[in-house]
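Note that the chains are named A, B, C and D in the order they appear, and that numbering of residues resets to 1 at the start of each chain.
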Amino acid sequence: MRKSKLDQCQNIEDLRKAARRRAHKMVFDYIDGGADDEKTLAGNSSAFDKYSLLFRVLTGVDEVDTSITLLGQKMDQPFFCSPSAGNRLFHTEGERAVAKAAAAAGVVYCLSTLSSVSMEEIAALTTGPKWFQLYVWKDRGLVKEMLDRARAAGYRALILTVDLPIAGNRERDPRNGFTIPPHYGPRQTFEALKAPFWTLDYLTGAPIKYANLSADTPAVSLADFVAEQLHAGFNWRDAEWLLGEWNGPAVIKGVVRDDDARQAAALGFNAVMISNHGGRQLDHSPAPIDVLEEIVQAVGDKVEIILDGGVRRGTDILKALSLGATAVSFARPYLYGLAGGGEPGVKRALTIMAEAVRRDMALMGVRSLEEIDASFIRLIP
Amino acid sequence: MRKSKLDQCQNIEDLRKAARRRAHKMVFDYIDGGADDEKTLAGNSSAFDKYSLLFRVLTGVDEVDTSITLLGQKMDQPFFCSPSAGNRLFHTEGERAVAKAAAAAGVVYCLSTLSSVSMEEIAALTTGPKWFQLYVWKDRGLVKEMLDRARAAGYRALILTVDLPIAGNRERDPRNGFTIPPHYGPRQTFEALKAPFWTLDYLTGAPIKYANLSADTPAVSLADFVAEQLHAGFNWRDAEWLLGEWNGPAVIKGVVRDDDARQAAALGFNAVMISNHGGRQLDHSPAPIDVLEEIVQAVGDKVEIILDGGVRRGTDILKALSLGATAVSFARPYLYGLAGGGEPGVKRALTIMAEAVRRDMALMGVRSLEEIDASFIRLIP
Amino acid sequence: MRKSKLDQCQNIEDLRKAARRRAHKMVFDYIDGGADDEKTLAGNSSAFDKYSLLFRVLTGVDEVDTSITLLGQKMDQPFFCSPSAGNRLFHTEGERAVAKAAAAAGVVYCLSTLSSVSMEEIAALTTGPKWFQLYVWKDRGLVKEMLDRARAAGYRALILTVDLPIAGNRERDPRNGFTIPPHYGPRQTFEALKAPFWTLDYLTGAPIKYANLSADTPAVSLADFVAEQLHAGFNWRDAEWLLGEWNGPAVIKGVVRDDDARQAAALGFNAVMISNHGGRQLDHSPAPIDVLEEIVQAVGDKVEIILDGGVRRGTDILKALSLGATAVSFARPYLYGLAGGGEPGVKRALTIMAEAVRRDMALMGVRSLEEIDASFIRLIP
Amino acid sequence: MRKSKLDQCQNIEDLRKAARRRAHKMVFDYIDGGADDEKTLAGNSSAFDKYSLLFRVLTGVDEVDTSITLLGQKMDQPFFCSPSAGNRLFHTEGERAVAKAAAAAGVVYCLSTLSSVSMEEIAALTTGPKWFQLYVWKDRGLVKEMLDRARAAGYRALILTVDLPIAGNRERDPRNGFTIPPHYGPRQTFEALKAPFWTLDYLTGAPIKYANLSADTPAVSLADFVAEQLHAGFNWRDAEWLLGEWNGPAVIKGVVRDDDARQAAALGFNAVMISNHGGRQLDHSPAPIDVLEEIVQAVGDKVEIILDGGVRRGTDILKALSLGATAVSFARPYLYGLAGGGEPGVKRALTIMAEAVRRDMALMGVRSLEEIDASFIRLIP
């Protein structure tokens, strides 16, 4: 998609349509889909609609400061990109595009364990702050190796994802015959004709693999890969061991219960990411916005709270902050941008969000994000 | 439907489509339909969507045990197949297919009074545990004879169905001219052309009849059959007499009120099945999941509680267990499988459910079903 | 519509379709439509869906008694036909059909002031109980004359309609160019071609007029007729005068507030009909079922409560009775029957309802209507 | 649209359709659209549907008085036209049509700062009461000049709009390439062919400009114009200064919080307009009807409360008055009229509303608006 076309994308839904046009169906569906009946996928976003924002007037909003401090680091925006696997699947620029766009937007970049570009290459690409996301591998040696490499490469914080002990039931993927990396049968080849630019990139680009692993990536379903490689038995004691090994700022991602948040805070995590993995794991998980307030009440004075899931508009972000989140993160918005237009697409996604936050803060009568509190939000009767 | 096609059915809705393709319209509608405006039919399932599941993390779920104990018997799954009448209507393999699939899945098989294969033949077919479902016949001699035969054949528990004193108003059936066994007029013949495999089976198979009755089954509407044969005046005193006659484990099926549950427990029933007969009897009956909690509070310490109605996903099952049910049962899921593909279809239905329970337990952070409690579930605000 | 076709109508919606096929569009729309955006019209029915019915089991329902006592008179059913104007518009048999069907069903017949058959002719037609509905005419002499005639003709109770001080804003009627009696312009003539049987009846039948008025009925809109003839200034003192003039059993129709119900009871009315005129007057009036409970609590020990509005199913009736109504009434169900098939159509409507009440009582475990109470009903969570 | 056609418009939705037919797409969309996902736009109206109106009977409504007193002035109706910018865009008669229609209806006329006819010309056009709406310009000299001119021209009250520190994100406008005044590119020219009458008027009429500004109006987006000209930093202290400069009756428009309403009352505003700018500014703002009650409780004894937003029916107006509003205002209803048919169209809109208020008061049993209170309204369960 040309830059001028991308600039006409006014919102994330426009970028989603761009992604659907450009990407192979199985790739678009992998980004777009969720588990089972996709109730949580839909609910993550629609739950925001149950809340209204009570704007304040005459506060003088000629200057609006969108920055926050997160894990001690200044960020220009109260949002960042959630880690996501195998970005080169979506566009040949892959994680490189996202890392550069994040740095340009002044927000932290979070690299996935399962990235398709190595952590060292990404680390060298920009000077922006970076965090490293970890899945729990069965092989403890591999975990320690990854922690060492991440620390050496300058990743400042660790994100431990805990809501994927096994893979969720994403029905679009087997229906499309989707594997990572893609396997091309007759059906996939036929669908490729509808996505010529993506296909050309894919065929002429470097093979897609999990770049942080030494072994080649086998073309298997995500469910099989997860079952074979990840450690479903990982528990709080293992997490304690991991925190000791890392010995640095740490974030736990995938919590929806206040008792789990308390446990994480007690163990030494510095931030809790409320997340249900974008509706891709347990369908009927609660929408993050619906459990935010109680988790803030439980541990908001001890750790930072990040809401991940369903965010599509600036108002979603400001609702989360009204209920006590320090920041929000999202994946699909930038992945739609990536699949629809590479680095300019990701930048467009982040620009849309940044402009929305600034505009919506002004419309709410909020000059800095510290002024936001629960008086701005309520459930619609 | 070929086995490979069945394996592509990822969920119960896929099996429902398979059933619609293969079975005669009047047969599919008999399975699929409900009473009046089918509000309860739809509500049984959609009521589950009002609840979300608050999964737990880092509990270590490398091993997940899906088994339960029900009426003192170990079952490999927390679900089983509700009894249903005349299964040979749906597929020539009929109750035989379901009994074999239940045994293979390690769950109890419940034979209907109105089965189209005799209780003795089914009893001899597998070594799995079996229960016998009883409608209350006007003829007390017939009731006693059935109890004797069931006991002799090894059926361990009795299920007394109490929500069918008369037949509900299922409007699809008269619209289709449906009777049991089917009567073929011009319209039925025309529709048969769209269901050639079903029709071939039906025409070449043994005549369909209620196999536990000595008399031949007349081709009448269900409403007329019920009115003529079943005892609408059957009451708690009669139930007490019946329990005395049976003198074994007994389940009451079709309760939605806590006072009825209390009465059943006081009378000596060992389990209460919360059910509205799948929305086929009184439309606007409450969804079982919506009355579960109060019935658990009323009698959960005295009897076992089984939720029957609307279950289509593993999460539905785990929601019921979170609210205190010991097990759930369902009919349409396996009947879609049966109508869509015979025994392999039923097995596919049970496999889908078993895999979902295992996966969803892991995603909820639950290693054994005893760990589930009400903290996992809540109404969406 | 032939008798055999009518017998295939399984529910009121089927009769509604029959009416739409047979009647002139402007006539069908006059029956079918409501005020403004028809929110109350739709809400009257859909409000019932918010409640579920908690059936009781094992009560012994071989015999079910559907009768009630209303204003001291035994009725075979807990429902009756609300009065409605100008029935010969809908079918040439008009009020005669309804009166005969009501008598056959064993329920009271309520004749409208604005009937198209005279009160004396209807009185002579059947031996069934009859009530007379009164609008408040500007001309007090006319009111007294009507009361005298009604008393003389044997109408036992008076229904005073109070929710029509002026006509509601029914937008379908002016859109169709509808007047009473109909005026035929080019558009009406064109539409008449689609309703040949209705048109033939209309053209060959006696002219339609308000048969209780000595003057001929002018072809004007209902709004104009009401504004000219009815007394918008009629108030509680006038009602007191009217009760004195009538000096017999009296019902007030069109109440939705408990304070109005209290006032009516204090003044001497014997029954309160909760009604919003079928959603034809003030749009956004509350659904009768939603205000029933508080009116029962206010005056249920002093007067009888009749719910009018939105009833389409037996379960609707039994919900109203569960919340304390003595009876329900409805108009559209029998008017669809009348417009779709004359007297057999009305009979079909009443039979559908009677069978549904009997069946649903049995399914609820209720042998007589005195057994029904609030334990049977609740709002769905 | 011819007068006879306008008279057939029975409601505001009919006028909306007339506007869509007559006006250029970009102009219709400018009127019709809202911010972001237009949730607040839709919610402003649909929120009224959550409330029902409990009408009173037998109060004697032969005479109904729809008048109110607002800021000490008698108005024939409890509604008036909200100020709106650049009306000559919608129809060549522009603000002149609206001012004349308002005078004819006996309600105040509110001229926008950004009117396309000068305040002096409008002032001279009718003898009806007029208020002047002010945006806060960066140029304080311009503000003082406008106040002086408004006072001199006889505008009696000032409306300060406070919910537009910057422009909202109205996505239809850039999609249509809409600017004020319109810029005609190929796409706009093509669309013009579908709106020949509007286009002819536009091409032959005087150039459209903001008539209260000395400078010519540049063809830029509203967002750019607002950012350049209006003072986003305007705050409560500035408002205090403004009240001092004006020294007359003053209304604050765009408040949804009770604390802001308290602050406005304390500062000396005489009335609070609850408004979210018709859903054109911050999407997910609350519907005015949903925050009305608490603002009435907070300041209803000190200032008058005007509800602005979502009003389409007489019942909407009476709901707002039941909850304590003194009056309501609306813009789209009369703008649809204007775009659909010029002055007769505006008059039709106001007549529809006036007739509805009178009719609905009678149907509610209310003879004067002072009789309305909270007993008439409730949330539907």
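In this text, a residue touches a chain if its C-beta (ideal position, glycine included) is under 8 Å from a C-beta of that chain, and two chains touch if they have at least 3 such contacts.
Please read all numbers here as calculations on a predicted model, not as lab measurements.
Undergrad: From chain D, which chain is the farthest off, judged by mean CA positions?
TA: B
Undergrad: If I list every residue number at the interface of chain A and chain B, are over half of them used by both copies, so same, or under half, so different?
TA: Counting which numbers both chains contribute, under half are shared, so the two copies meet through different residues.
Undergrad: Fit chain A onto chain D over the CA trace and report the rotation angle, somewhere between 0 and 180 degrees, nearest 5.
TA: Roughly 90 degrees of rotation.
Undergrad: Roughly how many whole angstrom separate the Cα centroids of chain A and chain B?
TA: Whole-Å distance between the two chain centres: 42.
Undergrad: For chain B versus chain D, what separation do you get between their C-alpha means, in angstrom?
TA: Here chain B and chain D have centroids separated by 59 Å.
Undergrad: Where does chain D touch two or more other chains at once, residue-wise?
TA: Nothing qualifies.
Undergrad: Connecting every touching chain pair, does the picture come out as line, ring, star, complete or other?
TA: Graph shape here is a ring: one loop, exactly two partners per chain.
Undergrad: Mind listing the chain C positions that touch chain B in their complex?
TA: Interface residues on the chain C side: 10-11, 48-49, 51-63, 313, 315, 319, 356, 359-360, 362-365, 375, 378, 380-381.
Undergrad: For chain A, which residues are in contact with chain B within the complex?
TA: 36-37, 39-40, 43, 47, 50, 162-163, 165-166, 168-169, 171, 174-175, 231-236, 238-239, 252, 254-257, 259-260, 263, 276, 281-287, 290-291, 379
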